[in-house]
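Chain lettering (A, B, C and D) follows the sequence in which the chains are written, and residue indices restart at 1 in each chain.
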Amino acid sequence: MIVILKQQTNGEQIDEMVKWLSSFDVKVNLVQGTQKTILGLIGDTTKIDIESVKAKDIVENVQRIQEPYKNANRKFHPDDTIIEVEGRQIGGNSFNVIAGPCSVESEEQIITTAKAVKNAGATMLRGGAFKPRTSPYAFQGLRADGIELLLAAKKETGLPIVTEIMSLSHIDLFADVDIIQVGARNMQNFELLKELGHSKKPILLKRGLANTLEELLMSAEYITAGGNQNIILCERGIRTFEPKTRNTLDISAIPLLKQLSHFPVVVDPSHAAGITTLVEPLSLASIACGADGLIIEVHNDPKNALSDGAQSLTPESFEKIMAKIKAQATFSGKVL
Amino acid sequence: MIVILKQQTNGEQIDEMVKWLSSFDVKVNLVQGTQKTILGLIGDTTKIDIESVKAKDIVENVQRIQEPYKNANRKFHPDDTIIEVEGRQIGGNSFNVIAGPCSVESEEQIITTAKAVKNAGATMLRGGAFKPRTSPYAFQGLRADGIELLLAAKKETGLPIVTEIMSLSHIDLFADVDIIQVGARNMQNFELLKELGHSKKPILLKRGLANTLEELLMSAEYITAGGNQNIILCERGIRTFEPKTRNTLDISAIPLLKQLSHFPVVVDPSHAAGITTLVEPLSLASIACGADGLIIEVHNDPKNALSDGAQSLTPESFEKIMAKIKAQATFSGKVL
Amino acid sequence: MIVILKQQTNGEQIDEMVKWLSSFDVKVNLVQGTQKTILGLIGDTTKIDIESVKAKDIVENVQRIQEPYKNANRKFHPDDTIIEVEGRQIGGNSFNVIAGPCSVESEEQIITTAKAVKNAGATMLRGGAFKPRTSPYAFQGLRADGIELLLAAKKETGLPIVTEIMSLSHIDLFADVDIIQVGARNMQNFELLKELGHSKKPILLKRGLANTLEELLMSAEYITAGGNQNIILCERGIRTFEPKTRNTLDISAIPLLKQLSHFPVVVDPSHAAGITTLVEPLSLASIACGADGLIIEVHNDPKNALSDGAQSLTPESFEKIMAKIKAQATFSGKVL
Amino acid sequence: MIVILKQQTNGEQIDEMVKWLSSFDVKVNLVQGTQKTILGLIGDTTKIDIESVKAKDIVENVQRIQEPYKNANRKFHPDDTIIEVEGRQIGGNSFNVIAGPCSVESEEQIITTAKAVKNAGATMLRGGAFKPRTSPYAFQGLRADGIELLLAAKKETGLPIVTEIMSLSHIDLFADVDIIQVGARNMQNFELLKELGHSKKPILLKRGLANTLEELLMSAEYITAGGNQNIILCERGIRTFEPKTRNTLDISAIPLLKQLSHFPVVVDPSHAAGITTLVEPLSLASIACGADGLIIEVHNDPKNALSDGAQSLTPESFEKIMAKIKAQATFSGKVL
């Protein structure tokens, strides 16, 4: 941490500041310039609240030089984290395609879709039981019943299931779910993250639509702080000024998250663009630059879907795209 | 709602589409052009899921022409909503200043600060008991104890208290709180919003850092849908590319929210900018363009604050700013 | 400037780096930590290219601690710059309202509008002769003829005129213009800025729609570097994700630019929002937080305007708003 | 075009409106609802200024349903535009890699780099002679001399050259340049675009850092309106809130631009991220989702580069990346 002092600071004030900072068990180095004085802090500065330092009268600015996350940091965990789910691996050189409808709507719908995506080569099944919808008047999901139907589809197809949690009060309903998804809107629902830290289940953590990569990793850190290291990071598009796509897929997030962290990174091209014709190109791009998996919306009857029909693929188009995904994954050295 | 069909659509497909849309109890008008066909839907279209329409093969685009919110809409409630809190009014021509520390830290701190802000003219006391912090290693608030201390400060000063809820599992702890705040990160925590809809307490709903005004009003709609019409909207800055301020205060949100909705609108200049020297100019600007109140961070000792010290005012500087706030509020026709 | 070296850097590499940096006539202080080494550079670092430093193998990051602009910097010019235009002052405690149509369309239009805005209290006349339009098929302005008509309107009313330059090849046409405007799209047209630096005319420099305040000040620095210190900065809204307004007025830019720089700051509420009903509240907000002036679109017949009719006021509504602007300006200690 | 009228509009007003709109040679269809009246305009609406319609008292909103660009529109030009440059093709199934330094600095530098990139497989040479720099104190390029050196490098290697124009007053200097680049900051320098429309040279048009895809296509339309159809579109990252990358590469722009337009699309991964370690993954991603080429910064000695050293590759690392680029291009069905 570097503390830049204001121009007119006197010697006594500097001494007091150095004394205060030293009380946090860090070594403080003084660099005195003609105009400004800089303090360089050496040691573990995570205990120092950057805002408290900034609030001091004599401080002009403060810069962190160490990442504020530890457990999520690749510097301290050079090897890829590989997550085991029902005999499959996520991370390393494995590649996964998680497919299924936006919402679970009926037994027939979820089982038909599950069979179709399995046949096409998907490795896991997704489906929303609890649905975060902008409007209170929109379909809110089948809730507990939806989870039952997902489990039925798992029984039928053997595909592990991924579904979203919206409130920590529902956590008991997720006992048999294979991967718990934290949606973009809950990425900084810290009470929920803490609770999931006490679980052992893999958590698929989606980036919030205006959150930085550092904030995403800090949210992962919340989960790890509770003891759960099974985290899958998910890039799903950020909010920008461009109106042609629902969100802007931040493709650079993939290689950056892999550099900064050891967790697997998957991409959701369906939500990122909100347009079915972009699912294929964005999927191939994601694989080519290092993603560990994809989450793709597929609905047996998208025209009659109760939510997000516009971005769902039919089983037929999913099958065609899967052929290209497999080829690209193999080309990029991944095993699907 | 307007549905624009693709160029190559044939008569049979159009007939089928018109039949399907008519099944939602709306009247469908057909406008046939040389290149495109447009369907104009007349009636209550809130039951029609816009995504399902977009998913139809023959549909090029769909436009809503009615706002998707009703209870929050000024068109249906032309008069200002005025909220009563312990004998004070929020909305109409009343002006409120809610002041206090970011976090409640100790009895002495909150009571000293409460007395100071009351003396300076604040009408309500704010203070965080549950604190949403980006880092799991940062101070998380005194939680239940923090609420007790706020109630002690209320007893001492008579100021109604405003504090943030972070999880619906804590709701019982808020029984004696006067106004429950929903923070920016929870603006789309829909399970929490639903629960607060069943309460009768005033809810101070902060805009999420990348949420549109329409999304803010839809979140208000969630609360109203449960029966609670006591909502105060809060603009607190949005995330942009400008690095000099923590967030960018969207000042246009004030007059726009007042046009679109009947709820009172308050502004948080402390969080919007994250810089104490901007609290005064942003406060005056907010009043001049129609805000119904301000939320300002004041700490009896900001240099030693456990959170957000950099943006907190001292009681002395708050007092000076309050003099200007009172003058501007009076000038702008408000009663403080 | 602070240079943070990578963890594995050895002594020899550090020595070489210190030697290289010292060659720029700065003093280099070494702060050696357990994990990282930090170099603190003392002296005039503006000659050091930050990108070249970052490109060195052993460098992890580089931070500037001094602003990269000098002539525009209030630290070196504590007093407000006050610009004289035809006997009027811009800056200090003077307040100016520059009003007029988006485009000059005809002699009758510009003279009628000029008289109307003068009667209502405007102090200068604006009007576009060269118009930057997104579409090549849209009205591009009357060009040289438009400037002639503005000069005719000046003769008739005595109002100084402000109009936009779009290319340095047109500069001779601006010989009699009082203030030359550089539009948002040309804020980083550096060849144009250099040319205007050799002029003595006041330049009204608009912030680009995605430019930071530092970039705006660097563009001002380009003009000053040529010798022209007569600059008026203009905030006119930035591009964000919010769709209800054309742009988001960054109200914080006003006090920040006044802190960072000594140039007058004016605001364009018409372009910022793109909505006539927001012109009044945004104007009052701008004055309340310290603006030195406003640029407002007024058209004698906005319904038949050839450009930007939707955001133009009629002379009647402008007159009403001017009454409030005058009152707020007086209240805020400005002389209009 | 669809015009939505306000609720309280009376029959006479509607008749007048229909009459006015009809005067633009379009057919106006009236859809009268219980609350609102909608006018559907059929025919060529490009002559109608959307802002003038919005300015009418009785109009609530206006929606375009046709793209405002024609020459750039794939609907009217279904086949890919293929551009010939010195015997090479850009577009179709050809793939091009344009490589070279940010700035031309010396004869030795540009010729050494040109030979190196040619050996590695680059098909064209880039290099800045006129450099748009944020600071007036930074190296501004060798200007006319820089172009001479590029031509010398072309003579030596046979590589066609691409270089940026910053002002229409320099156009004569570009007589022997193969492809003229319009930089991001000049994407809406309409006077420059018009001038380039009268040229026959291929124009590489970079997207502005906060411009929409529609605005990019409208800028292309400006060039085509003058008669020049040789346009190469370039995605180079947009400005967002994410601080880890200089810009956010909008990867979706590639497939979208290919759908909307018939022009070739190239990507600049060096400027998009501003980080050398991201050049490889972003290049592969761009190819996988359909790009027609890449522009990559390579410098024979990036540590001593006069500009943008941090994002330049060495010839050695470029050679390694080129091997992967060739393999991915071949895999994706392109010929490099």
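Here, contacts are C-beta pairs under 8 Å (C-beta built on N, C-alpha and C of every residue); 3 or more make two chains touch, one makes a residue touch a chain.
Owing to the predicted nature of the structure, the values given are computational and were not obtained by experimental measurement.
Peer 1: Farthest chain from chain A, going by the mean of C-alpha atoms per chain?
Peer 2: It is C.
Peer 1: Considering A-B alongside A-C, which chain pair is linked by more C-beta pairs in contact?
Peer 2: More contacting C-beta pairs are found at A-B.
Peer 1: Which of these, B-D, A-D or A-B, makes the same contacts as C-D in over half of the contact pairs?
Peer 2: Match found for C-D within B-D, A-D or A-B: A-B.
Peer 1: Just curious, how far off is chain C from chain A if you go by their C-alpha centres, in Å?
Peer 2: The separation of the two C-alpha centroids amounts to 39 Å.
Peer 1: Rounded to the nearest whole Å, what is the centre-to-centre distance of chain B and chain C, using the mean of the C-alpha atoms as each centre?
Peer 2: 31
Peer 1: Could you give the separation in Å between the centres of chain A and chain B, each centre being the mean of its C-alpha atoms?
Peer 2: 26
Peer 1: I need the residues of chain A touching at least two other chains; which ones are they?
Peer 2: Correct list: 210, 239-241, 243.
Peer 1: For a test of understanding, state which residues of chain A touch chain D in their complex under the given definition.
Peer 2: These residues of chain A touch chain D: 210, 212-214, 238, 240-245, 248-252, 254-256, 259, 272-273, 277-278, 281-282, 284-290, 327-328, 331-332.
Peer 1: Going by the contact rule at the top, pick out the chain B residues touching chain D in the complex.
Peer 2: Where chain B meets chain D, its residues are 2, 4, 27, 29, 31-36, 38, 40, 42-43, 60-61, 63, 65-66, 239-241, 243.
Peer 1: Considering only the defined contacts, which chain C positions touch chain D in the complex?
Peer 2: Within the complex, chain C touches chain D at residues 46-47, 49, 51-52, 54-57, 68, 130, 132-140, 166-169, 185-186, 188-192, 194, 208-210, 215, 218, 221-222, 225, 239, 302-312.
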